[in-house]
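Read through the structures below before going on.
Below are two complexes that have subunit A in common, paired first with subunit B and then with subunit C.
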Partner chain A sequence: MRRTVLKSLLATAVLAATAGLPAVQAADKEIVIGGSIPMSGVFAFAGIGIHAGIQDYVKMVNDAGGIEGHKLRYVPEDSAYKVDQSVAAFKKITSQNKVNFYYGDSTAFSKTINPELDRAGTMIMSGASFATELNDPKKYPYQFIAGPDYTQQFGILLRYIAKEKPGAKVAFVYSDTEFGRDPIESSRGVAKEMGLNVAIEIMTPPGAVDVSTEIAKLRRARPDFTIFHGYILGPIPEFIGQARQLGLDTKFMGTFWTMDNSTVMQMGDVAEGFMGVMPYNYYYDTATPAPMLDKIRAMRPEYQNVPYIQGFLSAMLYAESARRTIAAGKEMTAANFKAALNSIENFDTGGLIGVPITIHGNTIPVGRIYRADTKAKRMVPASDWIVLE
Partner chain B sequence: MDFDWLFLAEIVLAGLGAGGLYALTGLAFVMIYKATRVVNLAIGEMLMIGAYLCFGLATAMNMPMWLAILVAVIGSGVAGATLERVAIRPMLGESPISVFMVTVGLASILVGVVELIWTSEPRRLPEFMPSAPVMIGEAFVPPKVFYGFLVAAVLIGVALAVFRFWRGGVALRATASDQQAAYSMGINVPKVFSLSWTVAAMIAAIAGVIVGAVGGISSTMGVFGLSVLVVVIVGGLDSVLGALVAGLFIGVVESLAGGFLGGEFKLLATFMILIVVLLVRPYGLFGTHEIERL
Partner chain C sequence: MRIGTARSSYRHDESLFDSRTQHGWLAVLAVALLGFPFLADEYWLYLACLVAINIASTTGLNILTGYTGLVSLGQAAFMGIGAYTVAALEQKLGTPVLLNLLAGGFVAMLGGLVVGLPSLRVKGLYLAIATIAASVVLHFVFANWHAVTGGHSGITVAPAEILGVSFDTSFRLYWLFVPITILMVLGAANLFRTRIGRAFIAIRDRDISAEVLGIPLLRYKLLSFGLSSFYAGVAGGMWAYFFRVVTPESFPLIMSIFFLAAVIVGGMGTILGAILGAIFMTMVPEALKLIVGWLPLSADATLILSPVRTIVFGALIVGFLVFEPLGLQEIWRRIRRFFHLWPFRA
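Here is the complex of A and B:
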């Protein structure tokens, strides 16, 4: 009996050892993308898209043979859009895997985990945050934003406004949250530089339902353009509805998180003419050749939202950084990944972004103005691609 | 520079409009508290369920909006009765903090239900109110706010009449003032409990539909309940009149603070009032001053 037990123990040990060998080898030849993804909670509509985008790009790369002999492996955990849960997911994923790239779900998480990234020095991170604060390569050396930060998004809008109507009166309407306040102070100066007049700044408390007080203020300021920031949908439609009822002749604009096609179309009739900045082509854009969008459409015939495109592009940039690092024969460290990312110049994203991109700092300062066409139920381009220096 | 009186008028009217909704939701809160002594923290989420039910019926089932509202209100009533029977009644006799925590859990569950069925994506209720601007004198009142206020005023009037004249309303008041006496007079107290939750859920559903029509619906719209909590504490947890007066008062103060000081001062003003009232009259402006003799 004793001998049998010993035998079986030995057999198990041998099996484990031999099975372990190829596994270790495979682990050496892989690039791991970890992610605290908000699959549930208030940000789930974005998280589900982001998750699908990363997953699809990883599959696409692996089906094509991987990167320089390395397979991509994506390890997500649900963060429920809560910082503590995101951090717990980070700890779990990074303790069980040799993570090279990480996707974070919020500004708060990006800021919280930054010292950890600096200490580890093994991975770089991007995420769902476009916070201006993160666009500081000194303070956040191992992070980047797969698009323009919020101040740059305002910059793109303001540049469009300055071209359309020089000296125009502009209103900033924003929520009293970190997200809402982000670009306001910095954009005041940008507007001034462009010869625009910021006629009024209106802050709304988080969760505000009625906006009549704010409309009374807007009515008196009579801006030519009103930029919303810090909201997804509400209270924008009510704002526009009331302004139209009052016969206010102001053009309304939004930033990334308001600009998904389905979000804007939910505004109903008031969406007509609503404009905003979008750093990516929409899923259905076919005006210019976009092989990557063709592939996405072939994989997923139904509409994919802009967080999907953002997730997809993030994974593409991770892969490109890895490719450049490995090709240069360098070690896979955070510093090398970031240097590789910053070596990206005039890079073709396969049409995800309509112009070739260059990443000098922590962002991709590119975007285009889109306008809602409610009859076609689509966002249509209202400007060329605008690249900020 | 001349003072802009029209601006003041518009802001006060906007405040009254918002205050009407506070008062209506406050009424639902007070109704439950008066009858069952339960501080229902899930009132904001009950309002949200009503709005989502209406949204689901109007969009997925293509019901005309009036029918969707009607069915949503009845559905919310049934849900309210069920919640009371399943989650609240078993807690009878337990410490108030336990029941309070049950309502906190309930709020969480209701948010989860909404996110499971409708996801967390913010949505819009189909338009159902007239969109022609309403002018009172020269002051502009947004139509949704105006009609929302009218509906709230009518409903509050009906609720007050029901309290005063209907047998069920009288039974509810009797139970509120003395449960033992109500029992001995043959009033079916558990039925009164159930009735209060049913009616409160129905009122909350109507408030939810109006709030949703104005500001859109999302799984976070329950935070509206937080302002309502302030309203009922300021007015007095067990006072219908208090909910009405405090609702309008808080609405106007928030609006004035937002209009003249800035949006960031709205909640600050609200909670300052709360602190002052709690310091001066801890039982609220119109609440019952209970004297405990030891």
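Here is the complex of A and C:
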């Protein structure tokens, strides 16, 4: 009896050990996309969308025969939006697969993993971060952002404001976090160049709920436009609600992570007229021909959030970079992938972005201003596409 | 089986490892630790380094909370002090790695001594709140003392370098972190065979009685805070060399809760408890991921199971608190006790 138990224990241990060994993959003729995706934790709302976006694009490409005879393979791992777990996921995926492209979940992860990317020299990475710091091809040679960085997002908003109301008074309201502070310093100069007056800058503590003192400051400054940054939702509705009660006539604006349709509509009635910058077309945009959005809508009839579009576009850019590298007969290295990515000019994203895109540095400096229409429960375009030089 | 270990001298009675069986198992552990880096891939080496750092910090917190009975939620902030000290020294002065780690420990120790001052007047939950307040203050300092901390962007740390060898992979860092952690754990284990360690335990059990026995409370409580923070500082320094970017958001309050949970789950007031607790808290989320990965599920099922995994992790912690309040070390002790007489007892 004891021997039987021992034998079964041994068999279980061997099974467990072999299951833990690196999976032997068909290494050739495939392009691997790894990802530290925040499927759980505070950022899960974005991670779930990103995951679905990458997954759908990979499926679409593989169904169409792959890229120059190579199949795409997507290997995600949940990061719970924690740096140590994100790095663990990276180590796990890269030690078990020959990874060519990687999706990271945060600015902290992008900064932490950068030396690894430089040393490996085999993959390039994009991610959920739009941090201005990452838009430095010298410091981050193997990374890119699938959209405009935060300073460029502010630049697009400020350009819109300068056109709508030259010499307008602007307020910056931001959270006291790395995310919140990111574009503030650099955007002061941009505003000045455009002849705008930054009337006040208000920094709120992370997770602030009571904003009455900040509202009093905003009331004294009487800005024409107020730009929020460094938040997903709270305390923006409280801000707008109290400002409206005080009769403050200012237009409120936000940046990418506030601008998903569902996030803005969660604000309730105060969302009416809320504006912001969005580098992509929304899932439901049909004003201009967008074959890729048509395909997405055919695959997923229900609304897909903007992180989905971001994940989808990221995968598209990985694939395009790989396609150009393979077509040129070059080796699949990080340097060649990045050079191929930077050779993208006037590239048609199939309507994910309303204008053809060009990637010269680490970003795609394009965006459009949208305005909330609470009756239609949709974000509607308030400007044409704005491309920064 | 462990028999014939009658103690024949006080020296033997006081020894840390008192039987041949123990020495044998320690030798096995040493061989395993030496051989592990040559067998494991980058992922397991990364986890081993992370576990080593967490064991060092948890052991520190265990000195304060487990042995001295002073609850602290400031461990992550003290790690932050150590990490920033190491990062700043590495960036501005380029001083040797081991000196940087020691400096990280000592600067954190100074921080701990200051934060420990209220411990003479407040205990329990009140002290926990005081340490949270200290964390908030330290976070503010990290975020705003631009000249030293680099503000919100933080500091990028160059790889540790000793005698021309760059410690830039998990394999190499393993050889730096694991010996340091072993030294720290042995140091803590020995501490409780000295007057100081026994004074800590006396304070935990009843501080008024301890004072009556002639233990100066202020000195020993501060010493406990200082030692605990020193451990956190060195762990933070290792953390800085490991992740190579230190920002104010690297050491959130939740991280302090993580270490406190590790102490409680492992078993308060035991050296083994801190080790097991740190391993449990670090490895169980990864183990759950591995288990989910082994299941023949589609990528969508993985997505659905992600929050389930978090719930299972939480349930496991609660389960331990309810069914084994003495922690993992008690389970370990029971297993050991069973094998002491095995196979002679049915």
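Here, the second predicted complex is superposed on the first by the 363 of 389 C-alpha atoms of A that agree within 3 Å, B and C clash if a C-alpha of one lies under 4 Å from a C-alpha of the other, contacts with A are read in each partner's own complex, and residues count from 1 in each chain.
Throughout what follows, a contact is a pair of C-beta atoms (placed from the backbone, for glycine too) under 8 Å apart; a residue touches a chain by one contact, two chains touch by 3 or more.
Everything numeric here is computed off the predicted structure, so don't read it as measured data.
Asks: Just checking: does A:A287 make contact with subunit B only, subunit C only, both, or neither of them? Give me first, second, both or neither.
Replies: neither
Asks: One more residue to check, A:S40. First (subunit B), second (subunit C), both or neither?
Replies: Both partners, subunit B and subunit C.
Asks: Considering only the touch criterion stated at the top, classify A:M299 as touching first (subunit B), second (subunit C), both, or neither.
Replies: Neither partner.
Asks: If you stack the two complexes on chain A, which partner ends up touching A:D210: first (subunit B), second (subunit C), both, or neither?
Replies: The answer is first: A:D210 touches subunit B but not subunit C.
Asks: Could you say whether A:H51 touches subunit B, subunit C, both of them, or neither, answering first, second, both or neither?
Replies: second
Asks: Going by the contact rule set out at the top, does A:G234 touch subunit B (first), subunit C (second), both, or neither?
Replies: Once the two structures are laid over each other on A, A:G234 reaches subunit B alone.
Asks: Return first, second, both or neither, reflecting whether A:V380 touches subunit B, subunit C, both chains, or no partner chain.
Replies: A:V380: touches no partner chain.
Asks: Once the shared chain is lined up, is A:A327 touching subunit B (first), subunit C (second), both, or neither of them?
Replies: neither
Asks: Between subunit B (first) and subunit C (second), which, if any, makes contact with A:D176: first, second, both or neither?
Replies: both
Asks: Same subunit A residues contacting subunit B and subunit C, which ones?
Replies: In subunit A, positions 40-41, 44, 176 sit in both the subunit B and subunit C interfaces.
Asks: In the complex, go through subunit B and note every residue touching subunit A.
Replies: 4, 7, 10-11, 13-15, 17-18, 21, 115, 119-124, 127, 131-133, 140-145, 211, 214-216, 218-221, 223-224, 255, 258-259, 262-264, 266-267
Asks: Of all residues in subunit A, which touch subunit C in the complex?
Replies: Its residues touching subunit C are 19-20, 22, 39-41, 44, 48, 51, 55, 74, 76-78, 80, 83-85, 87-88, 91-92, 94-96, 108, 111-112, 115, 119, 133, 176-178, 181.
Asks: Show which residues of subunit C lie in contact with subunit A when the two form their complex.
Replies: My answer: residues 41-43, 46-47, 50, 143, 151-154, 156, 159, 168, 170, 243-245, 247-250, 285-286, 289-290, 294, 299, 302-303, 306-307, 309-310.
Asks: Note which residues of subunit A are touching subunit B in the complex, please.
Replies: The touching residues are 40-45, 176, 202-217, 219-220, 232-235, 237-238, 241-242, 245-246, 262-263, 266-269.
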